[in-house]
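Listed after this line are the structures, all set down as structure tokens.
Paired with chain B in one complex and with chain C in the other, chain A is shared by the two complexes that follow.
Let's turn to the complex of A and B:
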């Protein structure tokens, strides 16, 4: 091979004075960085992904992991990444795969939006002493109320509400399929959403029977591969979501490598053992908005119009008119997934270069739906890179009803965002189906961590709302007046419909 | 801050503006001299069938020509004049207050608008957003708003408020803290026969504003209260909700309370909240609204601003302070403070 190998990314070292030679690093590293030779533990830094499992499990804090300085000649244009990608493709001739979300150093708009707080003229509200309402209903809403007069001359409400999901907090967990992640991960999250009064998505992986006890908190997904979809699956979900696109890879289908398709995954997805589960880029029965309407109505008909149906699309340049089309298509909610959305496996070029930021997508979708007079009839769920309660509050102020979190929930389970989810080697037992690794994640402990996260964000959101003098989530939704832009250009401020700081 | 008063005589017996002026001035500690205003219903019986458009003109040349032309596109001006004023040392006259009595023509609106009210709403929005140097600040029938930057007594004397007789009066003493103190920003805010006086701040303004703008209303007054008049017009006139229902949409019960209601009542309240979540108003407020057939008073859901109610026979008073009510009517009976979010409604006796 004339190209040789690329230099290692990380440098792992053991402080031999501290090391007690227990071998836990060897046991814990599923990537094979450590091995024992004689009485010595040897290190192969080249294999390291910076998952940090060894560092977390070393009882003596003897392991040090650093990013290895660039070995190439420094160059502002031909970066290490640019050159390594070329070397890897010159060697393989293939698409470069990646996991997790966009890694490019692009400005994060959330960090340039500032929230408001009350001082003197309008009192801030103390959530410890006053009611703070975060309850959110996701689903279709009437445009106006209709009343009828009864024979006795009384006025009676005629409007009947369509089925809505009742959320105790506007935080849901997005779709991560059984296959992409382990059953223990799904179980952890299912227990957490049941405890916190919210919902999670099944992803395109079917619904494993162990999740049946939590089915009232599950949103079942119908994606282009239709994996795991049958009438029993649809009936078990609290809501149904049609996935058209995903923020990490707009315009392409899904790919679950065959190594992850073990017996349980195969049964749940209804696909052969060990086979790659490849979802098509489009749904082969949806080539227009009319086709989408038919699928939505078919799913509603199949479930006796008892369940809300969501449609998930990736945030792309034309997202606003697409969402407006979806709003008129009988869908109950539109899910918009921004370009920082995570994934188990995506071509790197898609993950890093296709799509638009979720912040501008929410703002432009909200605006378009308002212009068309349908904003109040459909819910907007935003996802893709929501990292904390401030991102959550800003998403709602920009116009979202609720958010999906993905990576944040995984981090609460232990994920260190090493980005190797597609390799089935996740040492934290999250993005893997290898039984020995899966067993590392205790669903009870995982559930406690994820529900703690949701609870913590919910408390913080209450405080942020109280500081802004708001005691119900309805009054934060689309409240651009409570946001100011800092160091954002005029064009961006216009799209966000936000005043600059100081105005 | 801000001081508000609402008064109705349910038998439509009219009262002149002199005592309202005194009562409002009593609350001068609640104002800053940056704005005061009065709304009176029943003041133009001779033009009761015509829309009384009160306009601030910066000059009577270009802006007035545009307003005249716009009105003539849609109907007939049966009378117009400068609103009589008396110069006051405390008021710098920055606009010329003018009034038109206007009737939309059936022929001119046929096929273009659904109703006379829609035409007048359109004209108000169009002038306030697009005609530089003109602001329509009152557009109801047999009623009018009089407001300016200044202390309550100066504004009353400027407009000769004691010369008007009305069966509903609203009055407002302004202490602006988050928006400019200009004539158009003084209360009451009006559209058609809805007039609003407000003490407080609407922290949900961004949400409410985006909601009403989706229905063609344009917020141009540079202050949050304006949106309340549009919410009442949207929910009360266009969606035909009763006043009780409008208040329940704007200041709904908490979910915990709804959960404790009977199934039917809970369903009604849940449906209102889900349908009109964007109309829900947050922040501190005490509000009195003048309408076609009465007044409506209510506060925010946790009562961050004061509101006192008093009754005496056919008269109902709502104000920020009991003392103001007692100034208006020393014989007042049954003084009480309503619960947070509870609608106080005074209707004419049929």
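Let's turn to the complex of A and C:
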């Protein structure tokens, strides 16, 4: 091969004075960076993914990992990444596969939105002594309520209410499938959502029997490949989500490589052992909004209209009219997944270049549904790059009812966002099916970490709301007056429907 | 046999399905639906060993998510009968629309005449006993058995000069088999699909299915019990394994 090799991305070194030669780095690195030769531990930096497992597990803090400076001639256009992608494709002729979310240095709108706080005339609320209402109901709401008086003079609700999910906090965990992530990861999150009174998604990987005890907190997913979907699965879920699109890869389907399809994954997904799990771009029984309505209704009919049905779409240019169509179907919630959404595997060109930011998608969908007078009838769930409680509060102020978190929950489990999820080698036991690696993640400890994260964000959300003089999440929802834009252009402010800072 | 009769004339699909469920819960062994005209989702998610006789033309997604029942349809069916069906049987005395047996992973769908596009798409199999079977008496349009991951699609081409004349057979197939009566032109095969020799052992394997199909529709199985078939299967169980490279 005339191209030769490219320079290593990371430089790993061991402080030999500190090292006690215990070999934990060798045991912990599933990528094979370390090996023993005689009485020495040798390092192959080229294999490193910066998962930081070795650094975390070294008992003597002897390991240093740095991003290696660019060895190429510096150039503002032909960056290291641009050149290495070309070399990779010149060598392979293939599509570059990537994991996790968008890596491009694009401005994050959340960071240019500032939340409001009360001062003198409208005092803030102290969440320590005042109740803060964070309970959120996700699902269809009636246009109006009708009551009737009984013979005894009591007033009874006549309107039939659609089933809703009751959330103690507006934070849910998004869909990450068994196959893409390990069972211990799913178990950790399932225990955490049960503890914190919220929900998580199964992804398109079916529902493993070990998750049955948590089924009341699971949203089961129906994707184009219909993996793991049967009547038992649908009946077990607290809600059902139809996945049309995903923020990390809008317009394309999912693909779990055959090496991750072991016996348990095969049984849970209901697919052959070791074969690729192909979930193509379109649902082959959906070719129109009318067909989507039919799928929603078929799911409701199968479960006797007892479960809310969500529809998840990727945030793309025409997201608002699509959401308006979904709002008019029998769907109970629309999930919008922004272009910073994570994934186990996506073509790099899609992950980094397709879709739009979640912030503008929430605002434009909320605006469109309000214009059409249907916003209060359907819930909006936002996802794709929610990093902290400020992003959560801003999402709700822009118009979301609740958010899904994905990467944040994985980080709470130990993920270092190294982006190699598709290799089945995740040394943290998260994005892998290799039993020795999966066993590294203790579901009890993982559950404590994830529930701590949700709890911490919930406390911060209460404080942010109190500071803004708001004591109910209902009053924050779509409340653009509690936001100001900073260093955003006029066009963007208009789409977000937010005033500039100082106004 | 406990039989329940339901007149579906002018009835919306939800009350119709409620009546079916109630009859099943009440121990009905046979349910006869008269005057069915376009009602969708008949038998959707219904479990049990009941036999449902449908007189008329059911709407889309007949027997979707169904687990157990046998439906005999005296008429054509709209699109996607057997969609994501788990187990049971659909016997359609007529033709059906697109996406027949979409993602079916167990049970049987027998169609006397023809089906539309994307028949048997995503059919999958994960255990030997959960093997979905789709038999088409006539012919099918394009993309038959697309992305198939298991099970059997059998096309008999009764009354046709050639059983299949539409393209894209088995596009992206990575499991299961498509067996077509007579010769199949190479250009009709989709990406990732490959022809295999149809042997006596294959005939032995599918003979009970042919007999069962013929029994339902009154054909003589002897006409079909020979090796004049083309077998199409996956070129690889990992059709996209070579499409990607690591970042």
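The rule is simple: the second predicted complex is superposed on the first by the 494 of 503 C-alpha atoms of A that agree within 3 Å, B and C clash if a C-alpha of one lies under 4 Å from a C-alpha of the other, contacts with A are read in each partner's own complex, and residues count from 1 in each chain.
The definition used in the following text is that a residue touches a chain if its C-beta (ideal position, glycine included) is under 8 Å from a C-beta of that chain, and two chains touch if they have at least 3 such contacts.
From a predicted model like this one, the values you see are computed outputs, not experimental measurements.
> Contact-wise, after the overlay, does A:21 reach chain B, chain C, both or neither (first, second, both, neither)?
In the superposed model, A:21 contacts neither chain B nor chain C.
> Who does A:436 touch here: chain B (first), chain C (second), both, or neither?
A:436 sits against neither chain B nor chain C.
> Quick one: is A:231 in contact with chain B, with chain C, with both, or with neither? Answer first, second, both or neither.
The second partner, chain C, only.
> Given the touch rule stated above, what does A:423 touch, chain B (first), chain C (second), both, or neither?
The answer is second: A:423 touches chain C but not chain B.
> Classify the contacts of A:444 with the two partner chains as first (chain B alone), second (chain C alone), both, or neither.
Once the two structures are laid over each other on A, A:444 reaches no partner at all.
> If you stack the two complexes on chain A, which partner ends up touching A:216: first (chain B), second (chain C), both, or neither?
neither
> Looking at A:474 after the superposition, I want to know if it touches chain B, chain C, both of them or none. Which is it: first, second, both, neither?
first
> Please indicate which partner A:284 is in contact with in the superposed arrangement: first for chain B, second for chain C, both, or neither.
Second partner only.
> Do chain B and chain C land on any of the same chain A residues, and which?
none
> Enumerate the contact residues on chain B facing chain A in the complex.
177-178, 200-201, 203-207, 209-211, 213-215, 238-242, 245, 254-256, 267-268, 270-278, 280-284, 301-302, 304
> Could you list, by residue number, the parts of chain C that touch chain A in their complex?
Listed in rising order, the residues of chain C that touch chain A are 13-14, 17-18, 21, 40-41, 44-45, 47, 60-61, 64-67, 79-80, 83-84, 86, 98-99, 102-103, 105, 118, 121-122, 124-127, 130, 146-147, 149-150, 172, 174-175, 237-247.
> Please give the residue numbers of chain A that touch chain C in the complex, ascending.
Those in contact with chain C are residues 88-89, 91-92, 94-99, 224-226, 229-232, 234-235, 255, 257-258, 266-267, 269-276, 278, 280, 284-285, 294, 297-298, 301-305, 347-348, 419-420, 422-423.
> For the complex, which residues does chain A have touching chain B?
It is residues 118, 120-123, 125, 130-131, 133, 135, 137, 141-145, 147, 155, 157, 159, 161, 164, 366, 370-371, 373, 375-376, 397, 468-472, 474-482 of chain A that touch chain B.
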